[in-house]
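Heads up, the next two complexes both have chain A, just with different partners, chain B and then chain C.
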Partner chain A sequence: MVYFINDIITGALIGLLYALVAMGFVVIYRASKVFNFAQGELVIIGGFIVWFTTMQLGLSLWLSVPLSLVLAGLVGYAIERIFLTKLIGESVFSMVMVTIGLLILLRGVVLLLFGPAVRPFPIIFPLKPLFLGDMLIPMNLLIGGIITIVAAVGLSWFFNRTRSGLRMTAVAEDHVVASSMGISVTGSIAFAWVLGAILSTIGAMIFLSGKSLTFLASDIGFAALPVALFAGLESIGGLILAGVIIGVAQSLTTNYLDPLIGGSLGSVVPYIIMLAILLIRPTGLFGWRTIERV
Partner chain B sequence: MTYKARHGLRSLLAAGALAVTAAMPLKAQAETTYNLALLSDFSGPYADIMPILAASREAIFDWWNETSGQGHGVTLNYKNYETRYDAAQVASLWPGIKSELDPIAVVGLGGPDVAALSERLPEDKIPMFMATAAYGYAWQPDAWIFNPRPTYSHESAGFLSWMREQRGGDEPLKVAILASEASPAYVDMAKGLELYAEEHPDELDLVEVIYTEVQPTDLTAQMRRVARAGAEALVIQTNTSIVVAAKRGLQANGADIPIMMSSHNGLPASGGALGGLEQLEGDYEAYGMAVAADQETPARQFYETLVTNYGLEAPWNVVTAMGISQGLYTVAVIEHAIKEYGADGLTGEKVREALFAEPITTEETHGFLPTLTFTPEAPFPLEGLKVNVGTVRDGKIAIEATGVDVPDVQKW
Partner chain C sequence: MDPSGIFPTSYRADRRIVRTRWQLLALALFAVFILLAPYMFSGRTIAVLNMMMISAVIAVGLQICTGYAGQINLGQAAFMGVGAYTASILASKTGLTLLLTIPLAGCSAALFGFLFGLTAARIKGFYLALTTIAAQFIFHFAVLNLPSAWMGGSNGITVPPAELFGLRIVGETAQFYMNLVVTSIMIAGAFGIVRSRFGRAFVAVRDDDVAAGIMGINVAATKANAFLIGAFYAGVGGALWAYLIRFVGVDQFTLFHSIFFVAMIIVGGMGSIVGALVGVFVIRIIQEIIATVGPYIADSVSFLGGDIVFAGMNVILGGVIALFMILEPKGLMHRWNILKSSYRIWPFPY
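What follows is the complex of A and B.
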């Protein structure tokens, strides 16, 4: 029974990590209606920045972590300025295609700049897990879970209660209308990309702390995809619930069903849940329902 | 220099060149060139080891051209093709490779090459020579794809038998497997060992089989299960990221269970990814090929020759050993074919026939591989199988055992 509860807790914490990466999807989508397929690549870019400042420049974590977040924000800003600004007013489809191009480009840039070697990632969070009686909770995931919840609460408040957040939502509705109302479309989208890149870098730190860094880590973007679609692409708070459900379902499947069937159903379960919910409710659990009147 | 003098010098040089050409042996004049297609992954999951592997196998072809090829009047031409370790990419490249090179052999890399070309190579009558261990799903008679090593499951079974012997006692060795469904090859490695354990309960007790992602989020809880089940060895033949996550999981649990790795995710690669070889003190790598340890061995001496005389730029490690092994048994088979059928008119089919005609001795591969006796029954030698075991001792890679017998593993 203790193991069962432990597996639920670990699963929930892994789900919260997925939720944090998925938050990058949602933030960019809420500001621009663009689904960023390169979210996983932003995670590895963030990871390489942390690795570079810590392992290459030799900075202490107290310095390298904030510096990495700033640099990641700058990368997000640069991506938006170089590739997306010129597409404002164009169809969303064009912007989405650009993010697919970005996915390939960023992988190439990482290979070009850092090479293909597998590197040790700095230990950001303590390696020793937290023992609660017979239960064991990995510290990186525990701290990561707390960060995810704080980020979700903060960003929900920002998007729903502040003028800047509401402006970003207006931009997502229609670039031309928002622009005619005096809202800076480019500024809003740029801010969303900065935020998306910072969230991805935090995700990289939690995900990779004490492990190894390769461009394969970008696969976490695909792991976070079901969480984002399950929650609904506009809901930041919904990511927490979606992440926990998907993480727990995956953990229980991996630990209890997979050994019985001798396979890796656990890696498929998030997508099965995602497809099931999209069949029942195409906007996801907490996505906005849009009514169009002609 | 005047015009007259320049003209005279030119005439002298031309006459000299003509004289040298006329004096050259007939064989060299009638030089025959054969092409080899090298499948590579410079931008996919094995991009980290590919430059070393590629340099090593290319150095062998250069060495062979200079030392043996010249004598036979044969030059082996080679060209790398980027596959990204993707079966679809291999399949789409293949028609172009065939029409461009018309190769007498393909030098492959891994599972996707096998998946993409296993049906096509018999039709095209071109053999493919791999560097890795073999796969259970490709264990078919009349193969056109060949491995110098048995399956990964043979190698792990050999290692575990050795480990049980070292431990002593009659109890079965408690073993856990950490695998991934990211690649059919990874699943295959686990399935073969599972079957072996099932058929040999007196030797192996498989306490856990865990499937995870190629870049796992966290394996602390899984490693606790492994430790609590009393595992005496943890077999990881997938990739370095899984080794790193497993090691961290074991460290978090305060568990000291030796990990067995393979060649592609071996001690140097995993140690590098962990931040130092010393973190893998007491862990193992095991495979049917020479261990790239610091000790002086014939394999090491041959590697030094390649570095000194043939400009090989690769460190002495398991990946280099893998590339050299692959190159050596490929050129050995081609040389057998030349001796059997002559230097002219060599085809892929003749090269394949030469593979079955006579064994490739360990001397021919400079001790990198055991003597290989291929038969049409399997894509790898079924007899005389051996594995070598390497470990980390005092922060350095050391040979722990050589020529360990591989038990009889049934087809799965």
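What follows is the complex of A and C.
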């Protein structure tokens, strides 16, 4: 029974990590109407920036973590300047295709710059797990979960209550309409990408803390994708619930069902849940239901 | 647009694919060139041409699904994989002739694609695109986790050589002609599909699915059909691939391969069968150049290691997709059409 509860708690915490990466998708979507397929690559770029500032430059963590976040923000801004500004007002289709192009472009760039070697990642969060009776909870995931909840509440408040957040919401509705109302579409998209890159870097720190870093870690982007769709692309608060549900389902499947069938069903469970939910509610649990006009 | 003096006076004339005598001549010359290619080129070129023809089948399928019906499909490599696995299992276990295995491979891929197309009844826009990524993951899961006696698991399946009426199709030239026959049939079929009732429904749904629904088009069925046809093409291409490589493994059908096919139709031009073929040609040539030049660069710049080919391919293809979407979203075919019509109306601007 203790193990069962432990599995649930660990699953929920991993789900919150997915939710944090998925928050990158949602923030970029909420402020620019672009679905960023290259989210996993942003995570990996964030990871390499953290590795570079701590391991290569030898800065202390108190200095390197903020510096990495700033650098990641700059990378996000650069991507937005080079690729996305040119596409304002273009169809959603072109934007999605550009981010698909970015997906393999960024992966190639990371491979060219850093190579396929496996690198140690700095220990940012304490390695010692937290013991609760017989249960043990990984410290990085626990702190990460708290960060996720704080970020979700904060960003949710920002996008739904503040003036600048609502402006970005208008951009996500329609670029042309938003810009004719005097809202800076460019500014909104730039902000979205900077924030998306920073969230991805925080995700990389939690995910990789004390582990090893290769370009394969970008797979977390595809692990987080079902969470974003399950919650609905417009909802930041909903990510927490979606992340916890998917994380727990995945953890239970991995621990109890996989030994029975001798396979790795755990890795596809998020996708199966996502497909089921999308068939019942086509825009996810908390996504907006838009009314289309011809 | 047609050259001066050519006015279709009936629907039949208006639907013609070959519209002028010069086009007929060009087509005939191209056909002769392709038929004689094995006698003109050496082994490596023929191998590349074989690859191009197989990619052409798959890219044309994607063109129908994405370019004509507007449904973003990131699972084309998975559909291809379903076809390749079906063909190789049928060929190695039952010894069926390729006259049956290739269509059956297409059908099983079409069924798999149709299942994901059916979700189009409820899911729209890029939520739908993302469910096709799910197809990719579910395909991998199925191959790796079903009993390895069925799908070969991570070891893959070795495919016996293709056989037709007791003749073994081995060697590059024989395979070239086999691929050529299948590819020609599939491409001719594609031209037929896109100018039929289904093709017009696809274009209507692509341009505005709400408006298409109001006009009386069954939008969900049209989208599911688009996936069905696209996946059928991918399945046939997969079967040809299985016979060419003589081995199928799950690593040959990843999301990255799907993106390569997307790159082909973007470069060639969305919404044009010939565009898909042009895109296949350009992208395969680029891949060939990188594969040839890459090792030399890897030797001279040693710290990059052997992964430079893969990395360079990713950088160039990703860059090509992004640049084309930004600078020339309608692809090379659009440029060519502008050139052609300005030649025809010269010296007038329009």
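Annotations for the structure displayed:
In the analysis below, the second predicted complex is superposed on the first by the 292 of 294 C-alpha atoms of A that agree within 3 Å, B and C clash if a C-alpha of one lies under 4 Å from a C-alpha of the other, contacts with A are read in each partner's own complex, and residues count from 1 in each chain.
By definition in this document, a contact is a pair of C-beta atoms (placed from the backbone, for glycine too) under 8 Å apart; a residue touches a chain by one contact, two chains touch by 3 or more.
Bear in mind that the values here come from a model prediction, so they are computed numbers and not experimental data.
In the three-chain model built by superposing on chain A, chain B clashes with chain C.
In the superposition on chain A, A:Leu111 makes contact with both chain B and chain C.
Shared-chain residue A:Leu74: touches no atom of chain B or chain C. When the two complexes are overlaid on their common chain A, residue A:Ser267 makes contact with chain B and with chain C alike. Of the two partner chains placed by superposition, A:Val153 touches none, neither chain B nor chain C. In the superposition on chain A, contact is made by A:Pro129 with chain B only, not with chain C. Judged by the touch definition given at the top, the superposed model places A:Val177 against neither chain B nor chain C. When the shared chain is aligned, chain B comes close enough to touch A:Thr214, but chain C does not. Applying the stated contact rule after C-alpha superposition, one finds that A:Leu63 touches neither chain B nor chain C. Within the three-chain overlay, chain C meets chain B in a clash at only one of the listed stretches 25-33, 43-51 or 205-213, and that stretch is 43-51.
Residues 108, 111, 115-116, 262-264, 267 of chain A lie in contact with chain B in one complex and with chain C in the other. Contact residues on chain A toward chain C in their complex (touch as defined above): 35, 83, 86-87, 90, 92-94, 96-98, 100-109, 111-112, 115-116, 222, 225-226, 229, 233, 261-265, 267-268, 271-272, 274-275, 278-279, 282-284, 292-294. Chain contact summary for the complex, chain B toward chain A: residues 42-43, 45, 47-48, 50, 180-181, 194, 208-209, 211-218, 220-221, 224-225, 240-241, 244-245, 248, 251-253, 269, 272-275. The touching residues of chain C, counted against chain A in their complex, run 70, 72, 74, 119, 122-127, 129-131, 133-134, 137-138, 141, 144-145, 208, 210-211, 214, 256, 259, 262-263, 266, 303-305, 307-308, 310-322, 325-326, 329. For chain A in complex with chain B, the residues that touch the partner chain are 3, 6-7, 10, 14, 17, 108, 111, 115-120, 127-129, 136, 138, 140-141, 207, 210-212, 214, 216-217, 219-220, 223, 254-255, 258-259, 262-264, 266-267.
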